[in-house]
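Chain IDs A, B, C and D follow the sequence of writing; residue 1 opens each chain.
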Amino acid sequence: MGKHQATDAYTTSELLSVMCSRVMRDGLIIFAGVGVPLLGATLAQRLNAPSLTILFEGGIIGPFIQPGRLPPSTNEMRTAEKANMLLSPTDVLALLQRGYVDIGFIGGAQIDQYGNVNSSYLGDHRQPSTRLPGSGGGNDIASLAETIVIMPHEKKRFVETVDFITSPGYVAGGQSRAKCGLIAGGVLKVITNLCVFDCHPQTRRLSVSALHPGVKIDAVLDNMGFRPDIPDNIVVSEPPSLEELSILRGIDPTRMYLK
Amino acid sequence: MTAHQQSAPDTPAYLALRKRLASRNRGLRDKTTSLSEAIATIRDGDHVAIGGNTFSRTPFAAVWEIVRQKKKHLTVSRSITSTEGDFLLAGDCVDKYMTSWFSQGIVWGLSRVMRDYVENGKVTYEEWSHMSLGMMYRAAAMGIPFMPTRVMMGSTMPDALVTKLETMSCPYTGDPLLLLPALYPNVALIHVQRADKFGNAQYDGLPFMDADIAMAADRVILTTEKIIDNDEIRQAPDHTKIPFMAVDAVVEVPYGAAPHECAGCYDPFYKRMDDYADFTRRNGLAGALDYMREHIFEPRDWNAFLAKIGVEARG
Amino acid sequence: MTAHQQSAPDTPAYLALRKRLASRNRGLRDKTTSLSEAIATIRDGDHVAIGGNTFSRTPFAAVWEIVRQKKKHLTVSRSITSTEGDFLLAGDCVDKYMTSWFSQGIVWGLSRVMRDYVENGKVTYEEWSHMSLGMMYRAAAMGIPFMPTRVMMGSTMPDALVTKLETMSCPYTGDPLLLLPALYPNVALIHVQRADKFGNAQYDGLPFMDADIAMAADRVILTTEKIIDNDEIRQAPDHTKIPFMAVDAVVEVPYGAAPHECAGCYDPFYKRMDDYADFTRRNGLAGALDYMREHIFEPRDWNAFLAKIGVEARG
Amino acid sequence: MGKHQATDAYTTSELLSVMCSRVMRDGLIIFAGVGVPLLGATLAQRLNAPSLTILFEGGIIGPFIQPGRLPPSTNEMRTAEKANMLLSPTDVLALLQRGYVDIGFIGGAQIDQYGNVNSSYLGDHRQPSTRLPGSGGGNDIASLAETIVIMPHEKKRFVETVDFITSPGYVAGGQSRAKCGLIAGGVLKVITNLCVFDCHPQTRRLSVSALHPGVKIDAVLDNMGFRPDIPDNIVVSEPPSLEELSILRGIDPTRMYLK
């Protein structure tokens, strides 16, 4: 990740986790992977969202994440510890289709101006330069839920058009997402270590909505392969509070994810 | 009505499908056999579906034996693929791989073997969304030729498939839908904590897609940590997840998922997985082949493999 | 592509459906309430789906309370209907009944009340095949607008429905298919052996269609023999059948399925069912109304009803 | 039921149960209701088909029926006693759709010349004279499996055209079943207390294939509302053997179903 925001006070992953946690209101149901979204969710649960519920694609509903015992994957029994229910992946993903999930979190190797995410192929998929691990539940989340993309802010990742759309955002912008058949969901935010984007309500292009503390817009632009919308009303993110950081560090005392 | 357009490769005609099922002896009979005999029933060119997920309840012994028996031209499907996929590819067993994700596991990063095979066009690789693969098995398990769904549209994924996917507008609601063709494996490999000799299988923890895979397949090869008495099954029939009539072979294989985990029996043997990762990190595909020679082809039997990796078999 | 033809009455637009779900507080919160308050949330005109089957794990207390509260114009669906259907009809609660079979039970023969209502056109009666009703709930539970199936074709059943059923030819195989529209109840009534205060429900024995009904419905009212601690649920999450986030009200009602059975808790109270059958055998609908006055409207509360029929409540 | 066959040696239901049992070969999977088919299946299991499997629509796979403890219904826990597996009705009926079931058994109020069965409405369904209990799983079985219909041999039941097709046989005869969309299954036999019918391979009309011991063809015709095919090669059913009757009576010692 870029090192722009690694101040003395907090690391990049701490910043991302705090930014994630702030979108998680009490009572929401989120679909997450391990790592930053899980840290954010666990922080939110401890801080002000005790009834927030986490789903994992392995088939897990409402696990109880204990400080110091963060799970290493979304698809094994450690992740299922003290869950409320275990389902097949098919059925837990069908909850997205039924509309049970308020926010899904995904990542990927590339993201483009319309929030489409690639986690499949770099280069032409018929003769790729790199075959990546793939969608997993990413396509399902992006197709069926309001989605937040967590992405390191790097030029090679923020490309005008992704090589391959694994997890569709707003596809070709405008109304194209719905025209492709995706009548629900869409990219809610893209959270990076430098800023937060949302998508312009008409064009559906990425639009800077907040800069993280100490970040200049030039740093955002210098580390992207395309120019996002830059509206007049960009705010500065509230910096992580001492309370947030203290709880977060308690959740991951061995710094498994808090690099 | 939508006109008859094209047959997907994995959707055989309904009557042929029923005939294959009817030809099996599905009665309540003893199906216990050895690992090698069970795997010997798999034919070159079969579609083999693998139960479990990533490194959880993987039918590892069964896959290990497939590689040893040098099966060829298989289609292999698994919702999320870990090390077993490396061995099947590097063992030259696979013509087509269907999955939603392929890596030994997040902590070990990209699979060097899979990259080698896909990037060099040595395997037909179909990437499906995780739910899509599950729904394709489910459609097959339910005896319907497709499952309507709301995913994979707007993505590039359908363009990268051999299968040509159909879409439709719901006649009731007008909703755009993508139709996932039923996926009928020839053989399902499933590993469970306990089963009786007839093939009634019970498993604990995460269920994954195993029940749907078993009912979707023409035949099921079941490996189990333990064979229990049918009376125990009948005392808790609401815990049976796969019925005997879907199962064709039952093999007792303690630690049959090792080095992956089997809930309630053993945790993942992370160190043993690190060992394999070291081989490929150093030498890519060649490293995988070195590992396979030492760990798959050289051991006398499965227990010798377990001893080799430092896991003590009960049997 | 099949053109948009017509909306089935029970298939609301996908976005409206999602909006209804999103408007619920689905968080992990205490949902315990009283039977009367839980049932008071049901609105006249709602579609109420009933869990269990025939006289097994019927949410009898919940139905009893609906009749007491004189709900009107309900659509009621249940895969196989027993006495509770008589009470809902005779209680003038129902405009439309959807089921595959309607009789108190084989040993008691035809329902005089149902015959009176259907033969005299006093209720809209939709007969579905048993699997069809199950698949309609399942489609709804999975968030898809229909389920393709191979039943009900060639029969007169589609002609006797209000719902106009669509058919299609499978674009992959050419198979003729009947499309069952997703069935979204407004409220599901489910009775289980145990649940926690959040609504995580576990049941034993025959599962019936309860899990699909719960996920299909906008809201779930759960009655349970016993409220257990959430810790107990979390110790065996692979036994949870309905997740808390689908549930809106949890009511502890010992003997909540009586006089029907609840596996592991009590057998059917056959004598008590004979008693009701005697009322209708003698006087048809009037006999049912007599029974209902004595057993539904006059008792002070559910425990008084249990005492009246000679079943001892624990509470 | 007609009393023609109630000889000294066996009752009507004993005869029907024995006739049912003889079609149940070892290893088959049958879908049955309680009553005659269950008696027949249990007899077959004891006699020569130990690995015969019974499914019930309540969601039950392979129950263990103990002599003297016959279940009263297909949808409650007593029926589930010592089963191998319990499923939802949806899933157990889907086994029919998947092709797992060799023979399904159904009954009903009326049957017609093409083996269509009515268990829904007598008279016009828009204003019926009698509303019957309904399909239950009957339509599913008849649509998806080779089906055997068990029917008391009565004039009011054997009608040229049923008032309502609940469980389709060969619909309007000939190829009409497949043309309606039912590409698998069909009526294998109709077993009554007087005779056995199969369906003519071309016309698909009921055709007498066997007369039960002591039954004349006139008795068959006198108790039907239409004339079935009467081929030259009608056989006489082998009468129930003492062994069959003895085992059968042991299975239902209280004569719960053996009226």
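Just so it is clear, a residue touches a chain if its C-beta (ideal position, glycine included) is under 8 Å from a C-beta of that chain, and two chains touch if they have at least 3 such contacts.
Just so we're clear, the structure is a prediction, and the values are computed from it rather than from any experiment.
**Q** Given the two chain pairs A-B and A-C, which is bridged by the higher number of C-beta pairs in contact?
**A** Of A-B and A-C, more C-beta pairs in contact link A-B.
**Q** Would you mind pulling out the distance in Å between where the CA atoms of chain C average out and where those of chain D do?
**A** 30
**Q** Go ahead and note the Å separation of the Cα centroids belonging to chain A and chain D.
**A** 58
**Q** Report the inter-centroid distance (CA atoms only) between chain A and chain C in whole Å.
**A** 39
**Q** When you check chain A against every other chain, which residues touch at least two of them?
**A** 80, 86-87, 94, 96-97, 144, 183-184
**Q** If a residue has to touch 2 or more other chains to count, which residues of chain C qualify?
**A** Within chain C, the residues that touch at least two other chains are 14, 143-144, 149-150, 167, 175, 177, 205-207, 238.
**Q** So, with touch as defined above, which chain pairs make the list?
**A** Result of the pairwise touch check is A-B, A-C, B-C, B-D, C-D.
**Q** Enumerate the contact residues on chain A facing chain B in the complex.
**A** Residues 34, 57-60, 72-73, 75-78, 80, 86-90, 93-94, 96-97, 120-121, 125-140, 143-144, 164-168, 171, 176-177, 180-184 of chain A touch chain B in their complex.
**Q** Enumerate the contact residues on chain C facing chain D in the complex.
**A** So the residues of chain C touching chain D come out as 53-56, 79-80, 99-103, 105-107, 110-111, 114-115, 118-119, 121, 125, 127-132, 134-135, 137-138, 149-157, 159-160, 167, 175-178, 205-209, 211-212, 261, 263, 267-268.
**Q** Would you pull the chain C residues touching chain B in the complex into a rising list?
**A** Residue list for chain C touching chain B: 1-8, 11, 13-14, 143-150, 166-175, 177, 179, 181, 204-207, 238.
**Q** Going by the contact rule at the top, pick out the chain D residues touching chain B in the complex.
**A** Spelled out, the residues of chain D in touch with chain B are 26-29, 50-53, 61-62, 64, 80, 82-87, 94-100, 102, 144, 183-184.
**Q** For a test of understanding, state which residues of chain C touch chain A in their complex under the given definition.
**A** 14-15, 17-18, 21-22, 25-29, 141-144, 198, 200, 215, 230, 233-235, 237-238, 240, 243-246
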